[in-house]
Amino acid sequence: MTYILRRLGFYLIAAWVSLTLNFFIPRFAPGDPASALQARFQGKLEPSAMAAMKVAFGLTDEPLHVQYFTYVKNLLRGDLGTSIAYFPAPVSEVIGKALLWTLFLAGLAVLVSFALGTLLGILTAWKRGSWLDSVAPPTFIFLGAFPYFWMAMLLLYALGFVGGWFPLLHAHSSHLSPSLSLEFIGDALYHAVLPAGSIVIASLGGWLLSMRNTMIGVLSEDYITMAQAKGLSERRVMLHYAARNALLPNVTGFGMALGFVLSGSLLTEIVFSYPGQGYLLFEAVKSQDYPLMQGLFLSITVAVLAANWLVDIAYVWLDPRTRS
Amino acid sequence: MSFFRQLLSNRKANIGLTLLGVFVLIATIGPYLVRDASEFLTTPLSPPDSEFWLGSTSQGQDVFAQTIVGARTSLLIGFLVGIVVVAIGATVGIAAGFFGGWVDDVLSLLTNVFLIIPGLPLAVVLAAYLEAGPVSIAFVLILTGWAWNARVIRAQTLSLRRKDFVAAAIVAGESRLRIMFFEILPNMTSLIVSGFIGATVYAIGAQVGLEFLALGDVSKVTWGTNLYWAANNQALLTESWWTIVPTGVCVALVGFALVMINFAIDEITNPRLRSEGGWKAVVRAAGVTPGFSTPVLRRGSLADSNALADSSAPALSKEAS
Amino acid sequence: MSSDEPTSTVQDTAVSSSPAARGETARAVDGEPPILRVEGLTKYFQVGGGLRPKQLRALNDVSFTLRRGEVISLVGESGSGKSTVLKMLSRLEQPTSGRILFKGRDLLAEEPRSASLSYRGQVQMIFQDPFGSLNPVHTVAYHLERPLVRHRKATTPEELRRKVLELLHTVGLNPPEEFAAKHPHQMSGGQRQRVAIARALAVDPDVILADEPISMLDVSIRMGVLNLMDELKRSRGIGYLYVTHDIASARYIGDRTIVMYAGHMVEGGSSEELLDSPAHPYTKLLLEAVPDPRGNIFRELPAKSGAPQLVDPPPGCPFAPRCPEVMDVCRRESPRPVQLRRRDPGAPERFVRCHLYEEDQAPPVGEALGEA
Amino acid sequence: LATLLPLTGCSKRKAPEHEPGVAVVVPSTRATWIRNFNPFFESQARWPAAAGIYEPLVIFNRATGEFVPWLATAWRWEDDNRTMVLTIREGVKWSDGEPFTPRDVVFTFELMKKFPALDQSGAWNRLEGVSAEGNEVRFAFKRPFVLPALYLLGERPIVAEHVWRNVDDPVKFSDPEPVGTGPFTRVLSFKTQVYELGKNPNYWQPGKPKLDVIRVPAFAGNEQQALSIIRGEVDWSAAFLPAIDRIFVAKDPEHHGYHFPSLEGTVMLYPNTQRPPLDDVRVRKAISHALERERIVRIAMQGYTRVADATAFSDLYARYHDPRVLEEEGDWTKYDVARAEALLDEAGLRRGEDGIRRLPDGRPLKLDLNCVVGWSDWIIAAQIMVKNLQAVGIDSTLRTYEFGAYFNRLQTGDFDLSISWSDGGATPFVFYQRLMSKDTVRPVGQAAESNWHRFSSARADELLEAFAAASDPEEQQRLASELQREYVRHAPTLPLFPGPTWGQYNTKRIKGFPTKDNPYAPLAPYKSPGHLLTLVELEPVTKASSGQAQN
Amino acid sequence: MSSTPPPAASRARPGEPLLSVRDLCVEYVTPTGPVRAVDRVSFEIGRGQVFGLAGESGSGKSTAAMAAMRLLQPPAVITGGEVHYEGRDVLAMGEDELRAFRWKEIALVFQSAMNALNPVLTVGAQIADVIERHENVSSAQALERAAELLALVGIESSRLRSYPHQLSGGMRQRVVIAIALALNPPLLFMDEPTTALDVVVQKEILQQIAELKERLGFSILFITHDLSLMLEFCDTVGILYAGRLCEVAPAKELFANPQHPYTRGLMRSFPELHGPKQRIEGIPGSPPDMRSPPSGCRFHPRCSVAIPVCDQEQPQLITLAAPALARAVGAETDTPDAPVGQQRGHRVACHVAAQTAGSSDV
């Protein structure tokens, strides 16, 4: 338990560092949100409009550290500020739904990829040298070497545009409103097939390899030989003795990967017009929307940290050795 | 060193190294052999033909030349980031692992924080605010990429530090720096190499991604900007696959080559991973299907020399009464 | 601790050719100051971390004296603190309290944080695992050159080379030229351990701390290494602290043997006397448990197995919970060391930490195994 | 994954639900929608809040160069051209049924005065006061300001006093349920991916709008948007489509169409006239002659626009364009390397051994060309220009900066050459003011809103002042010609091509779009408030014709 | 243990050993060629007997034992010999047959208990699953049996729910023994079951095993490199050197009268606990590299009494003539009712020993 609490403390520090970084980096750069707005309209914005926007956005000339403390103070009160790119919506509102969609997409992708990759890893390791083992790893390594977005674009084009089998964009059909109905969930899943699929294809190889490697390591442990010698069924040895142990190091990787995919789905989201955080962030960066950037960073960081924390807990649950 | 010799004799490593070698060669001398990659030469979006092997972009640039020239910056950044990331990771990791105590506390906190900070978003934010260009991208990738190596190397240092040869070096009166870099570091060759490769893969991929997002200098010809331009000009809608496929495949091939090398390193450092090809061949040759139980191959199916040597001795049954 | 008394000269008691008995220790003349004296050495490790870290009492009040050309064997079960003693003396770990007097100098006072190069040049160590103690990436020559260079034992490359070959020859690795170029993995365990010894010898030390140097070696080559150590003791007057859990080898090479239990020295004295007439119940148990080809497997052990509690230990004797002869006082009070009467007055002093004994009482005789 | 297919049903994919009377419009690329109809922030509000939900007094029709009366029916100048009087349309009702009155106009402008953040056009920099009299509103100016005034004030959206009076902070007000006078005032649904506006049943133009609903989906990327447009899922959009004839029009030539008139300002190469040798007009003209504008337009702009001439005018100012000036002063936008070399030689910049020209002090002539990261058309243009400059012996390098940095350099005058836009207001006044007036020049190091090249001429200032006060069209025309002459003579900036506006349509379900043949208004849906002219004209294709079109 | 079936003794045909290994050869396929780790090893284990295999690290003890159970993993192959268990040919068994055979007939106790227990399953589950698998019982019954088994090795049944890491080394080793006894097999292979343990714990466990053996009547193949332990614990002992058996004899006989120079060397490698201190030398040199073993007698490079034939010809394992035995040990000779392992008496594979002691070609 203290382990979990200690991790929690660490996560708080990590969150703070990442937020602080995110506060200062954009502010040390030239330009401000108003000129960024100008950029978005490619100069079609009147200078007077820019002046007015600066007033509206409440851009101050206070020294940075003062701004920083205000920012931290507001943050602690749960006030993320007002978005600039989506003026005058509060950042929390802009982020809210996007976060859910990103979590859904990334979560789905990671889960599927982890499950499939792990399963393949188990099977390839168990049947070493079989045709599956000689085909699957190199294939998925090769597929995984393609850039995420490249894969996404290709899938989109081939299966969505040319084939017409999958929707081209968005997280759900526009005639449906988010609800927990079966229809909506099915629709959301259907929309997630291509974007999640491209992430899955790109990341499956990693899971496969790491699982296969740990699994092979575990397979040469004495307790596996002993389990075999005990005459247990292959399934039981493979799953309860080998895979269960080989899974442990992979679970840690799982937390990392969740974080990675959460942030890495950015490109996929852009390709699929997926209303998640990735594209928001990109837009926030482009329009120097400090508050939104901070908000997004906060939510991504918190999501990543939460994922890691959950994994920590899962690890404790999975590995009796960490419980004492 | 035997590690490198082993690497050279591994089949997977050979595939990877050969492939990588080809690309390095392309990156080094290729640009001198092709047309000016940024010149607007021909009809936009002309499909591959005998003159323009991979067709032209929507601006009429030579895709073949762009693919070749793009390799240079992309690989350069990849390797540069790989080297620096490993150097930082190794220094931080070894220092943390070796000194322990508060040094370790501070360094591993830093490492873990950087590990857990969402890398790509940070990279996007950073890249957006630095002067656009390969150097900035490299910087961003280094900043967001070093932590993983530091962590791995720290863990390895911790286990090496417990090894008696480190204690022996201390007892022999060696200085700490010497122990860190002459006793511990050389024992992590494979880890460093695989960390370097991993970082390179990451760097190439992330660079391509960032440039694709127009966060690089799109006036330079790199793999990332090639894809940026292709996407920007709706390569797929205009059905000009040749502007997007070659670069994507090249990125994948380089990634594949690097991962294969890492795969091989895993096999070398972890003998358990090595394939049982020889064993399987022997067993299969004897007409036995390999299963869990030890196969029984009767009468000297292995190394006939052995069997011969033994057959000179009278059969053992002699002593049986 | 009474062992500091500048007492005994070890005499050749038994007429035997055993190295320990053959009496090179006789050179440890009365009056010559001991090389190494340890007083009240204590080591607590922090364990558990978190909010309430606990103390693991790995060593409690350990004191002994090592003289030139003397071998002290430390025996005891796993976790009894043998290695910890060596780590303190090699300055790999910092003692919690206590004093280490090296050639009369108070080490911890003079070099509080880490050992000086000069100390490193006089106290060397041999580790248990001959593979682990040699760096797999370096050649044998490198391993021997480093201490020579570091401690300025050789100035020119030729001299360096000569000394390396000399060392290899000394430890019986012939031909030295061939071995100098080898990597650790190209040698057998015994050869590796010889290299480790050669490395320790390179700086011409006065004391060698040997932590189970033979336990990882094949049985057939163990004696070779032990005998080599013994020869070096005789020819160079090196003092050894020899840690082992193999009591027979402790006796074989050790002039004196100290038995440790739960970080306490529970009994000590001349190796032969100690093993022939063990006084402490734990020593008896240990001896009883040693496999003996002549023995009867069903012979009852005097006590049960069980690990002592090192974190928050109960008061009293650490062995009390397992002791067959336990008395009330044992659970209350930690026993003080008691001097026992020696069979041979010339032998090193004999002590035991047990409430069963009184000062100058004679140890129980020969009850260990019928023979002797 | 395959198991999901039956769950959702493939059939649904085939025909995107598209009821008659619904127009799908994609005015801009945005990942998600945030409910904000506050019309003051045109750049932030959901389309078409500023002109469509709310409405302006007049609309400048860029396609025709004329002002179209809207909520105001007429305008006139009084008081030595210092007061503009607008007659307010009668019989207009707010969508909640309240009548629209001149009070609302006054309220709106006073709100803008009270909250400068709302004054996006900077009206109160010029205005002295606003008042209502009967069905007229009087705008008092500090100085005569005839030409731009209508544009400045008339296109502001007018809000309802009875609603906005109660808004605490109109700057942060997101106006979720707008009450406007426009054709589409009802928010039927609002989701992050798409929102729908229903028509205003009380709209003041009888029989309009003819559409029932406009639906605006969100697209994060161009790729996506383009895919949807090509598939015919969108009726009206403003995307950049490469090879548009092939990938869009050819897909359904009967219904798909586009129209890219040049109704923006002109994209130019700005030389920093404070930095020798760019202070020398010969050098500037030489550089201009060296540029292959045809190629730039063909490659960078995919031929979607034309090359600019030396007046720098886009189609927006066609009315004022005076070709005689070009004849008399010479058009230095013609690609002519020989002339460029000659001018450079004449300016004393002779080629060195290495082929690079030398400044009088012997240093090589190096000119960096600044551009924005990721602005692909400009970058290609810049790449071509860099090559052009190298060809005439100028050691030129392309530097791309992130917009913030780029803009900062531009504004503070920290550049040699920089590609950038120019103003595209209703008259050439502001356009030339920002290119040649002393008022707009700021010292190097200080951020300038315009005139980044930092050029001014006394003659230009004179002409501009007269122009601002002239209400006689002939006089205006004459002054415009003189301004053109002044510009062509000094070549303060080097125009490249007029900026095109983008617009595609699909007449399968909706008809009435402006086309090349009938450019009654700008097609671009993002050109506010001009798009309102189009919006009220769109009508559903009737059942009979649509049925035929679908097969 | 009332519920366990009686040991398989009833199935026994008199006079036949329980396990008989003949000329067993095992090779490892390595990149540099095959390594013959076990070379023509023959031994027999009678009912109720403890047969010990001793030898240095790498001499092939584990390989031989595991091969007899067909448990060796790649790259090992069995290249010759026979293994008969109660007359059944183990080397001819198929995969399924082996699965049923193992543990039921021969169970295995691994060297390191920590590694032999699955760290993520409770001790109870690991005992129960073997019972469930082989015997048609419910999991509740299996757990009940598991508790009984734990009690048998002296661990309270509350430990059923413990994970391996929660137990001390000695307890873990006992758990492994309990698992091995779960099906009450007639034969137990014990591969260095106590090397990782303290002497006291080691002694306790060995005593416990010996006691169980008496009670349940199983036989043991006991592997160790500790000769003293071997002699103390086993009835008959085989000494392996570099993959070959160099001497097989009853423990007492071997102790009193070692014939092979290697055995003698080994005996001389253990200092005495008592009595006069003597300098002892061990054996010079080091064990051979199995990838290129010496020709002839594999021990000859380290042998002090080697004769020319030693590096030419591989010595055969011959039974020493009774007279030689009598000379050495006294009157002890084979008796018809003696356990099978001892009937063969004292065998040695050494040219020198064969010359001096003379062989008995019965």
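Quick notes on this one:
Note that the chains take the letters A, B, C, D and E in the order they are written out, and that residue 1 is the start of every chain.
Everything below uses one rule, namely that a contact is a pair of C-beta atoms (placed from the backbone, for glycine too) under 8 Å apart; a residue touches a chain by one contact, two chains touch by 3 or more.
This structure is a prediction, so every number in the text was calculated from the model and none was measured.
On a Cα centroid basis, the chain most remote from chain C in this structure is D. Here the largest set of C-beta contact pairs joins the chains A-D.
Averaged C-alpha coordinates put the centre of chain C at 34 Å from the centre of chain E. The geometric centre of chain B is 48 Å away from that of chain C, both derived from CA atoms.
Note on chain placement: the centre of chain A and the centre of chain E lie 55 Å apart, centres being C-alpha means. For the pair chain D and chain E, the distance between mean C-alpha positions equals 92 Å. Taken residue by residue, chain C touches two or more other chains at no position, since every residue touches fewer. Multi-chain contact residues of chain A (touching two or more other chains) are listed as 29, 153, 156, 161, 220, 228, 270, 286. Across the assembly, chain B contributes 128-130, 231, 236-237, 276, 280, 290, 292 as residues in contact with two or more other chains.
Residues of chain D touching chain A in their complex: 1, 4-5, 7-8, 10, 12-14, 17, 30-32, 34-36, 38, 41-44, 116-122, 125, 171-174, 189, 191-194, 215, 217-221, 223-225, 227-228, 231, 264-265, 372, 375, 402-405, 407-408, 420-422, 424, 449-450. On the chain D side of its complex with chain B, the touching residues are 222-223, 226-227, 230, 241-243, 246-247, 295, 299-300, 302, 371, 373-374, 376, 379-380, 382-384, 387, 398, 400-402, 404-405.
Note for the complex: chain B touches chain A at residues 109, 112-113, 115-122, 124-126, 128-130, 201, 205, 208-209, 212-213, 227, 231, 236-237, 244, 248, 251-256, 259-260, 263, 266, 270, 272-273, 275-277, 280, 290, 292. Chain contact summary for the complex, chain A toward chain E: residues 220-223, 225-233, 236, 240-241, 244-245, 248, 318-321, 324. Taken in their complex, chain B has these residues touching chain C: 1, 163-165, 167-174, 183, 186-187, 189.
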